[in-house]
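The letters A, B, C and D name the chains in turn, as written, and every chain counts its residues from 1.
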Amino acid sequence: MMDLRKAKACILRVGGTNCDAEVKAALEDLGLRSDILHMDWLEKGKLSEYQLLVFPGGFSYGDYVRAGAVWGKKVLTKMRRDLERFVEEGRLVMGICNGFQVLVEAGMLPGDEGAFSPTPKAVLANNSSARYECRWVFLRGEGSHTPFARRAGKGEILRVPIGHGEGRFLAESDKAVQDLIRSNRVVFRYAKPSGEPAEGTYPFNPNGSVYDIAAICNRAGNVMGMMPHPERAFFGWQTIGYGNSQGYGDGRKIFEGIVDHIRSL
Amino acid sequence: MRFLVKAEVSLKRGHFDPEGDVASKSLRDLGFSVGTVRVSKAYTIEVDARDPTEAKALAEEMCRKLLANPTKDDFMVEVLVIEGRTA
Amino acid sequence: MREGLLRRVSEDPPVAAVDLREAEDPDLLEISSGMGLALSLDEMRAIKEEFGRPLTDVELQTFGQTWSEHCIHKTFRGAVETDSGTVESLLKTYIAKATKDLAKPWCFSVFEDNAGLIDFDKGHVIAAKVETHNHPSAIEPFGGAATGVGGVIRDILGVWGEPIAVSDVLCFGPLDIKYSELAPGIKHPRYIYKGVVAGVGSYGNNMGIPNVNGAVLFDRNYTGNVVVYCGCFGILPKDKYVRQTKEGDLAVLVGGRTGRDGIHGVTFASTDLPEDSEGLRSAVQIPNPLVEERLRRAVIRIRDGCMASGITDLGGGGISCATGEMASRSGLGLTVELDGVKLKETGMAPWEIWVSESQERMLLSIPPKNLDRVACIFDGEDLEWCVLGKFNNTKRLRATYKGVTVCDLGLDFLYNPPKLKRRAKKVETISRPLSLEEPDDLPSEILGLLADPNVRSREGVVRTYDHEVRGCTVVKPVQGQSGSHNDAAVIKPLKDSWMGAVISCGINPFYPDPYWMAACSLEEALRNNIAVGGRRVAILDNFVWGNPEKEDRMWSLLRACEACYDFAKAFGTPFISGKDSLYNESPMGPVRPTLLITGVGIIPDVRKAVTSDLKAAGDPVYLLGTTKEEVCGSAYLRSKGIEGGEWPRVDPAVSRRIMEALTAAIDSGIVAACHDLSDGGLGVAAAEMVIGSDPGLGMSLDLGRGIILTGRDDYALFSESAGRFLVEVKAGHEGDFEAAFTGLPARRIGEVQKEGALRITGLRGKEHILERAELARAWRGG
Amino acid sequence: MRFLVKAEVSLKRGHFDPEGDVASKSLRDLGFSVGTVRVSKAYTIEVDARDPTEAKALAEEMCRKLLANPTKDDFMVEVLVIEGRTA
């Protein structure tokens, strides 16, 4: 059992990252100390101090070329070795929104072949509405084995907001999607208020993702990427009109899963 | 007749292109020896017109009215295909 | 220009000089227009008289920038002659006067710095600023609007504020106007609309600052004059607000590179839009929010480390205005060495570097001992920077380039331009008789109004802006799956405090009388703020007017300012900042006088904030405020293309008491939902509440007798009388609520019902039912 | 030697193009008679290489490594200029 006070999270940022502070607020509310570090200044070996690595949301490098692409490639040139070890040791990596795009562009997700695939095997393409969309969605837990879903199991409905222009998840092939489903790596799907999958209907599926995919993880379950922002639905007061405005919001469950996992180490 | 035209819209020379700048730096990070990079957008458009000249003129009008801003963009129009046959 | 006046004084760098001593009046005017200075004859003469030597192009450009309408607010600070006497300064006589008279202790800094500052909690202040970016948006909608947002964010950074929210108010021509109706050089409203909305969204989203408030208006008048207001709000610890540049401190320029972009943006914003606007390439500004995001990080770190003595943004006038202002406000002088400035392109003349308005730059004054630490922060954020010079005690603004002195001006003269005199000629706004038969199909009138471009759902715009980033947005602009619209936004900026900042706006350019138009806008900004639970509201004014040299435009400006004073005083709400954008004229005519009032209030506990969606069947619903036959300029009449009748007026005494009673009711926890009545009146407000809720609403106009002062159902539903709210009160609390409103116009006119529909019983007992689905369809344009 | 190459990145055939779709609708709103519109991005890149063949190969590698995502994008590379002279 790990003493949570001894654990630490690393929230990475680069120019254009902007959701780092709210992720820190969420993690620290649960007692997990968090450092926000600029990737350019990350020292070699430093990663091993952390139990969780977060790629937060934002517009890294202005979203130029393709959302997440530039940062994704920079991850490969700058910290590949350390990150490989980090993942292979089973430590947790989380990508939120732009962070999810980064994990995909770096080849860390879907994560079929070790820590990195040689080329990206999926993409978060332009929303099918061709617009940036900021709205609250219903997520349905798919019962994935990932620690991130420990508190949001199969059939659980979470209300959290999204905010992105490029969030339409596409995999390399239909077969690749089937494989994600079969191997239990679809963590959350966009759903209707009833809890049924959105089946592509707008706005419940806000971006046109295949199979209503909102979040996936790698085979081992320790690398997870999601388009929605759980850190914006952490406290009850963030959820006026969308949930229980007293107490806590649904997004907290994802962070609780992280903390539970770290404690259990 | 149906034509396929291509309208390419690019920032006028002299304007700094932030996207090209990011692309150029990233390519250098990846080990490529590159100088300036500039990014433009190309629209491939199916359009009805009487002849290639009209197709081209229409595409130019589309650029002026919607796809480009003559104040900051240059555009270049090219007729690619006429009724299924390459122009 | 006349032979011999202009002389080259240096080849490298290229510097020219003009000998004004020889210049006659026509020459002076020609110099002004030939060099793009946009200075008047009086101003040129004043410069001529001051100097017994030739002036360099750099110096003349400095005057052109510093004395521009944009930088120094000539019209607002100048005198206005009317038939009944002279007003010494609109700003001093009306806007700032209201604030001075009210003497609120919570006004921390007003009309002084880049933004207005008011107390928030014990240790923090809120900064607020709203700007316009009309001309640039007309030329290049995306870049113009985006740099508008970028610019106003820098105003907040320029008072050491951490940006917590942005807002935008946009006025466009009708999206369905025919191409043939556009004057040459005018872009189609649809093109402008798409670009502006995308530009506003892009910059705020990229910066990670939530866009939480605003408005979108459509009118033929805005076809030639698009209006783009951008606001930014920030927070800072009180003790981190420093503004004491000292002798010996270094002037440090940081951020984007300096290029030819935006050269003459200032003088260009201060004159009418020329027909061949496509030739204005250098006026186009290309946004690069990626740089500003890093700038923000660096500025906040420098602030928190107490490493600087002063800061300001580079806006209009570029380096020339920023350095001049910082030196002048500190009673110092400065010699700027332009050599260190990082340039985007080669071959720029000194004057171009001096006045360039390239985006994403800030100026800081740094005590030399801190330079290394500051440099380390800039380098860490991958920002380019340079030291421009050292502040001295000369009270002169000097600039050198490649060893040549290109500018040497006394700051006292530079910052005391000749006072301008304008003339205003009284134009009476007369209400004309109205002839309109009462329609008998009320439901289709309601549906028609809901579909009106000025009324319909704003989701298509608002959802393209991230309003949740930073995770601090409590009351959102749109809410729920239904996208119901709230009246104001509530932000919780501090981790350890329940205190919220409440942001709202009011804008009513369609009421034809400038005095009442301004009064209504001010009252609406307050009303929106109160509706969600805000109080202690401070306001910002933003005037968008036509050419002030025309006497009729000047008159309406004067009248609007009078109203600003009268109603700010009457409501006890001080102005803390503002801005005017004049000369909004195009080949299609002058802009409709448009005043935006932005409200910044507070709420002690964000958990008590009220939203507009109906909560529980059985709750009583109250109408507050008096409904009169005030339909002139209303959405109802405009949708029919009819003019005439009376326009809304504000009764501040009653309105203020209603607001106070409502705030008390909200604090006591008995208000379940609240919506203010604005465009489209009671009918639209009630429909919007139903669209945004699970339950529905039944109301009877007859129950409003005594406060609904009309015998016509359409006027009762669509009048836009000011000062009104529709309030859902928690069942069982009717007594408390009614007691709070004793002696005030308030009636229980209906109740929340289970069926999701709007049921209206007319004044003569006729019942109408509109299903939520059809209301929503009309409103959403489905 | 310095070359100017152009790498055009477009959506794979069969992939839905939201941006093109919107452009097409807007063009129709403006009264143009257009069918499908597809949008691509073009990068004009200054690159150092020994010869045009290498320049082209390098640009293709840039596409594979950064500019295109194989799940959704195709790319096409063309050498425009060699040391200041049009290719």
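Please note the rule applied: a residue touches a chain if its C-beta (ideal position, glycine included) is under 8 Å from a C-beta of that chain, and two chains touch if they have at least 3 such contacts.
All of these numbers come straight from a predicted model, not from anything done at the bench.
**Q** Farthest chain from chain C, comparing Cα centres?
**A** The most remote chain is D.
**Q** Looking only at C-beta pairs that count as contacts, which pair of chains has more of them, A-C or C-D?
**A** A-C
**Q** Counting in whole Å, what is the centre-to-centre distance of chain B and chain D, each centre being its mean C-alpha position?
**A** Computed from C-alpha means, the inter-chain centre distance equals 10 Å.
**Q** Taking the mean of the C-alpha atoms as each chain's centre, how many Å separate chain A from chain B?
**A** Centre-to-centre distance between chain A and chain B: 35 Å.
**Q** Report the inter-centroid distance (CA atoms only) between chain C and chain D in whole Å.
**A** 41
**Q** Which chain A residues reach two or more other chains?
**A** Those would be 61-62, 64-65, 69-70, 73.
**Q** Which positions in chain B are in touch with at least two other chains?
**A** 18, 22-23, 26, 30, 39, 65-66
**Q** Using the touch definition from the top, which residues of chain C touch two or more other chains?
**A** Residues 179, 188, 288, 290 of chain C touch two or more partner chains.
**Q** Based on which chains are in contact, what kind of graph results: line, ring, star, complete or other?
**A** complete
**Q** Note which residues of chain D are touching chain C in the complex, please.
**A** Chain D reaches chain C through residues 26, 29-31.
**Q** Using the touch definition from the top, list the residues of chain B that touch chain C in their complex.
**A** On the chain B side, the touching residues are 11-12, 14-18, 22, 65-66, 69-72.
**Q** Using the touch definition from the top, list the residues of chain B that touch chain A in their complex.
**A** Listed in rising order, the residues of chain B that touch chain A are 18-19, 22-23, 26, 29-30, 39.
**Q** Once bound in the complex, which stretches of chain C touch chain B?
**A** 139-143, 179, 188, 191, 195, 257, 259-261, 277-278, 280-281, 284, 286, 288, 290, 344-345
**Q** Show me the residue ranges of chain A that touch chain D in the complex, using the header's touch definition.
**A** 65-66, 69-70, 73, 105, 119-123, 125-130, 170-172, 208
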